[in-house]
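The following pair of complexes shares a single chain, chain A, combined with chain B in the former and chain C in the latter.
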Partner chain A sequence: MGGRRKYNLNKDFFFLMTPAFTLLFIFIIYPILNTFYLGFFKWDGFTPPEFVGLQNYAKMLDYSLFWTSIKNNLFIFMIFLPLVTLLGLGFAILLHNKEVVGRNVLRGIVMLGMVMPLTVVGIVWMLLLDPRSGIINRVLELLGGSPRAWIQDPSTAIYFVIIGSLWAWGGFSTTVFLAGLEGIDKEILEASLIDGANPWQKFRYVILPLLKPALIVVVTMSSIYILKVFDLIFVLSAESPPLYLSVLAYLVYYEAFFRYRWGFAAAVATFLTISVFVFSIGMLKRMIEERRGY
Partner chain B sequence: MVKVTMKYKITINLVAWIIGALLLIPLLALVMASIRPFSEVVTGWWKLSNAHFTLENYIDVIGRGFSRHVLNSIIIAVFATVLPLLIAGMAAYGFTSFSFPIKTMIFLTLVAIQVVPQQAVIIPLLKLFRDLGFYNHFYGIILVHSAFALPWTIFFLRSFFMTIPKDYEEAAKIDGLSDTMIYFKIILPIALPAIISVAVVQFIFVWQDLFFAITLLRPENWPASAGITRFVSRYNPNWGQLTAAGVLTILVPIVVYIALQKYYMKGVSGGIKG
Partner chain C sequence: MTSLFKKVALLMTIVLLGAVVAGCISQKEQTPTPTETETKAEVVEVVVYGQWGGSEGEAFMKALQEYDNAHPEVKIKYVQQSKLRDAVLSELAAGSPNFDIAILPWPALIKELGQKGQLEDLTPIVNKYSGQIMQNLLDPVNLNGVYYGIPIKAWAKPGIWYNVHVFKDNNLEPPKTLDELKQVCDVLKAKGIQPMASGAADKWPLSDVFEAVLLKVGGPELHQKLMKHEVAWTDPQVVEAFKVLSDLLKQGCYGDPKVAIGEKWEAQVARLGNGEVAMYFMGNWMNLMLQSQGFKPGDDYNLIPFPTIKEGVKPAIVAGGDWVIVPKGAPHKDAALKLAEWLAGPEYQEIMVRQKGYLAPNLKVPKEAYDPVDGKIVYEIMANSVVVPDLDDNVPSGFQPVIWDKLFELWANPDNYQQIAEELEKAAKDYYSS
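After this line comes the complex of A and B, so read on.
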């Protein structure tokens, strides 16, 4: 890459760059900045906005639905993240094993949840968890449990969101770990065997450290994914907004479209955006370091 | 020794395939419930004794206008794949072959906006759409999806372009080709596999979208991923219609995925996409 000319701009440069940056500016960069700005206004979307300073943020702290949303976001996050990481790693190790027949078919099956719209994933799990027609309740009965209305009962509905997200996103973590395993040098593994490492030691001291980059990608991307969870909650909104399941992304939607508090919704959206950035800082920094100098 | 290996082989295959079968149950449930009458789904779609198979549920949902939603999906996803690819490829080449002021800054911005949630833009977008008359028009949502595709597609294509030897470009420059011509005539054909990878991921991603659809379009213009929610009831679901609509919704992305699996995997693991 050496010997690059300094600032070799010409007409073609502007022709190549202008369409992309026009779209980016109009539909992403300007709206993000504007959302941040609107968070300081009281606005119903129609009458002129009224500047209220930090009032929207103060109101958030006093708003029980905001705290419900935070609580749901955190609960989903804390169960989803370890599960999606461990299940993905476990399944990747299994699929990496040369003895397993039909590995490509299995790989394809894990990814199926990822290519389906989450609304369909939601409908499928509604059917599986249904008190009458659901296979999960029948299995529980066979095992001596009693059937439950998992989704209709507000105290268990959140597990529907977690299991739906797991089924949809498990393919991603499996794929990333699998790519990581395939990238490990065979000679290093053989050397560890010659050194007399048992399978656990081999995994703990040789494979796991080498999987760290994959682990960072999985943890970061899964965190971002689950913080933005929305679709599986929206699926349940036919009769009325399922507020007991509200999360930050849903709260933005609810405030803007049901209560017409656009300024307040903008403040919540800003809060969500900042939360997502906090979780992605580690990976963003790594990406930046890798690409620096180009 | 051979016996132990055999036992190990059987166990590990058993475990892998039992997990695989369990992972398939949701899809099996979707298909089974869609091709059986409601009375049989209620008592268990998995019971095969006295099973009847019917296409009635499909006829019902199509009669209730679901094919319109699938058509909406096709229109939105096709245009929201082709347009950003055209634009992103040009910009990615601009990034690889030019140096310009604040390049690093622009690059950092591109990296950062890859994680922005859709909710972060929706309120200003709604106002903009109202002012410009874009609301409820396909071109509006197509432009928004295209913009959101740009950061990661530019990234992905740029890293691919950087692997192309400079000799090609230099030879073309000597022949007097402009940078734009070099991109379209030389780089683009070489980059075709990367372009297909990006296209498959973007197509499936747009097909899955719910949030922009429900906020920027009226229900009759919703794509299938959103239109299907009109059939949902939390307390009294009509499983036959719901699952038939579900099958119709996933048909296109599943076929695209199976046909182009290799490219999809490359796209998912190469670009960071969430």
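After this line comes the complex of A and C, so read on.
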């Protein structure tokens, strides 16, 4: 009584973690394993599944929509990731500056996209971009331009997915960088000034290295988000995305719920899961190492 | 270690038992057994699944109210299911449907479910209305003399709805041929009026327009052969249908293609009524939709069959229906069968006909009940045409969205029609072979 209890890790660890592991197994691990298993079957969701071995994976490689989806995923990733990082960093530096008038209001505005569910973000942008009543087309018409269906147009659709994602995710990267900036010891910054560093040198050689943990968080989380982006595309296009806008996560949905090819959809889902896992594992490892202070 | 194992086993048992109990409770709440409901309450709640919404759903609810009023022992709950097929199939597969009646537009699926023994035999109801129900809507749900569904609604995709004022103000006559249609397009375009709307953003309306063109190019035979994939999507006549659409798109008949692909189908109804757009190919439900927005049939809008493309081609239109089914294991089977009988009869169908935009499969409904436009569809257009089932509704189910998506691609890039036909043929081979 009264003293700190000493935990026996071998015994108590397993005992205390059992409920969490049970739930984790039921709701996360089992569905993932089951999806992987289902990828070896031909199944329409209603009739008994038929084992087809690796056929779904072979079909996947021969399926043009699969490659369109990968291409779109990569394109969005390549554009989105640098932009969300730079924008977040820029906004964070701006909002960190105490001389900026109304910076608290500005912080609130920047965070707005982050606190809104992606479906709401999608609806907002869908309304803004409506070819007949959307304010963007109205303004364009006033300026003498022609309205267009930005989301359905193959030449513009993907850029609006990126813009919508930046709007939604910019708040997150700004917040993380802002927290990183707030955490930098003022004495270090003062020391750099005493050493004669100009603003650029202060940023490049002092602030940026100290922001590395924040940078890793932003890059990791933003990469994971953008690789599995689905809801924004789905809602932006009023639940009917043109196929040239397909990404892997949408392809899973499309194959399962529209084409009733559940086995094939499971194979694509497995591919997506492994891709995101492989891609993010390295960065997650670095993130953990940074936190441990390696 | 034994003690640890016991603790872990005990904890897991508690968690799993908790889950099982929670599951049982929630299932009990969702599917009360008939005995429980019938003994606890005098009023039986009959659950109807359907996909009718908007003004169509409201009209249906109004008719159901009549049944409710006449049958105080029954309360009908209509559940609009946006994923009707999934809801019905998953509940049937689970063996415990939560619905008593479903209204399905897929006769092939009804037959398939009947064959699997998942549906009640509705032949006694069909026999009761012997000779009254449109035979061409009964045949698709007949399996070895047993009817597993009864049509309670007929629909048709009869042609192009047009704004009367736009045509009058511009001294135009409704087009009867493709050339006339193109001329009308040019005149309207010059006046700054969008000639036609398509609802392309929703994709499915495009297959209706395509089918209308296909019927005018190759008649009902080509349409049916393509549906069964007895001709290829690259067949010259099919490609010709794509080309007709491609030409209309390139000519600007559907307005600026960059905008047309973003137009939602329901938004086009008001635009047609207001005269922003002059013509719109759509099903007979447009009549109800336009009237519910305050537009008058004949005065504000009217209907013409799709213009002739080739002389000598048999006139044909796409038409179909919605069928009621009663699942085996329905929570309230007797009440469901009684309701199904009422829905198949002339009393219910006359209520619906009088609300407009509804065509009755029960021929006992008096002709006078129809408004002029609905009457025109039934007694002029349908009576003088070969009626064919909807092509995209009757292809293998996964192939339907492929057709919609490829037609959407045609709208986005009209020059690509040959490649689109080839891609459709490739996908069709895959689906029909499996």
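Keep in mind that, in the parts below, the second predicted complex is superposed on the first by the 233 of 294 C-alpha atoms of A that agree within 3 Å, B and C clash if a C-alpha of one lies under 4 Å from a C-alpha of the other, contacts with A are read in each partner's own complex, and residues count from 1 in each chain.
Operating definition for what follows: a residue touches a chain if its C-beta (ideal position, glycine included) is under 8 Å from a C-beta of that chain, and two chains touch if they have at least 3 such contacts.
Owing to the predicted nature of the structure, the values given are computational and were not obtained by experimental measurement.
Student: After the superposition on A, what does A:Lys71 contact: first (chain B), second (chain C), both or neither?
Tutor: Touch partners of A:Lys71: none, neither chain B nor chain C.
Student: For A:Pro19, using the defined touch cut-off, is the partner it touches chain B, chain C, both, or neither? Pick first, second, both or neither.
Tutor: A:Pro19 sits against chain B and chain C alike.
Student: After superposition on the shared chain, which partner residues are touched by A:Asp130: those of chain B (first), chain C (second), both, or neither?
Tutor: both
Student: Should A:Ser146 be classified as contacting the first partner (chain B), the second (chain C), both, or neither?
Tutor: A:Ser146 sits against chain C, while chain B stays out of touch.
Student: In the superposed arrangement, does A:Val110 touch chain B (first), chain C (second), both or neither?
Tutor: First partner only.
Student: Tell me the contact category for A:Arg204 with respect to chain B and chain C: first, second, both or neither.
Tutor: Neither partner.
Student: Among the partners chain B and chain C, which is in contact with a greater number of residues of chain A?
Tutor: B
Student: Answer with first, second, both or neither: which of chain B and chain C does A:Tyr254 touch in the superposed model?
Tutor: Only chain C is touched by A:Tyr254; chain B is not.
Student: State whether A:Trp167 touches chain B only (first), chain C only (second), both chains, or neither.
Tutor: Only chain B; A:Trp167 stays clear of chain C.
Student: For A:Thr273, is the partner it touches chain B (first), chain C (second), both, or none of the two (neither)?
Tutor: After superposing on A, A:Thr273 lies in contact with chain B but is clear of chain C.
Student: Identify the residues of chain A that lie in both the chain B contact region and the chain C contact region.
Tutor: Residues common to the chain A contacts of chain C and of chain B are 15, 19, 23, 26, 45, 130, 132, 151-152, 237-238, 242, 257, listed in rising order.
Student: Could you pull out which chain A residues touch chain C in their complex?
Tutor: Those residues of chain A that touch chain C are 11, 14-15, 18-19, 22-23, 26, 44-46, 130-132, 146-154, 237-238, 240, 242-244, 254, 257-261.
Student: For the complex, give me every residue of chain A touching chain B.
Tutor: Touching chain B from chain A are residues 4-10, 12-13, 15-17, 19-21, 23-24, 26-32, 34-35, 38, 45, 91, 94-95, 97, 99-102, 105-106, 108-121, 123-128, 130, 132-133, 135, 138, 151-152, 167, 170, 172, 175-176, 179, 217, 221, 224-225, 227-228, 230-231, 234-239, 242, 248-249, 252-253, 256-257, 262, 265-266, 269-270, 272-273, 276-277, 280, 283-284, 287-288, 291-292, 294.
Student: Which of the residues in chain B come into contact with chain A in the complex?
Tutor: Spelled out, the residues of chain B in touch with chain A are 8-9, 12-13, 15-17, 19-20, 23-27, 29-30, 33, 41-46, 84, 87-88, 90-91, 93-95, 98-101, 104, 107-113, 115-128, 143-144, 146-148, 150-151, 154, 162, 178-180, 183, 204, 207-211, 214-215, 224-226, 228-230, 232-235, 237, 239, 242-243, 246, 249-250, 253-254, 256-258, 261, 264-265, 268-269, 272, 274.
Student: Which of the residues in chain C end up touching chain A in this complex?
Tutor: Residue positions touching the partner: 4, 7-8, 11-12, 15-16, 19, 83, 86, 89-90, 93, 200-203, 256, 258-264, 267, 397-399, 401-402, 405, 408-409, 412-413.
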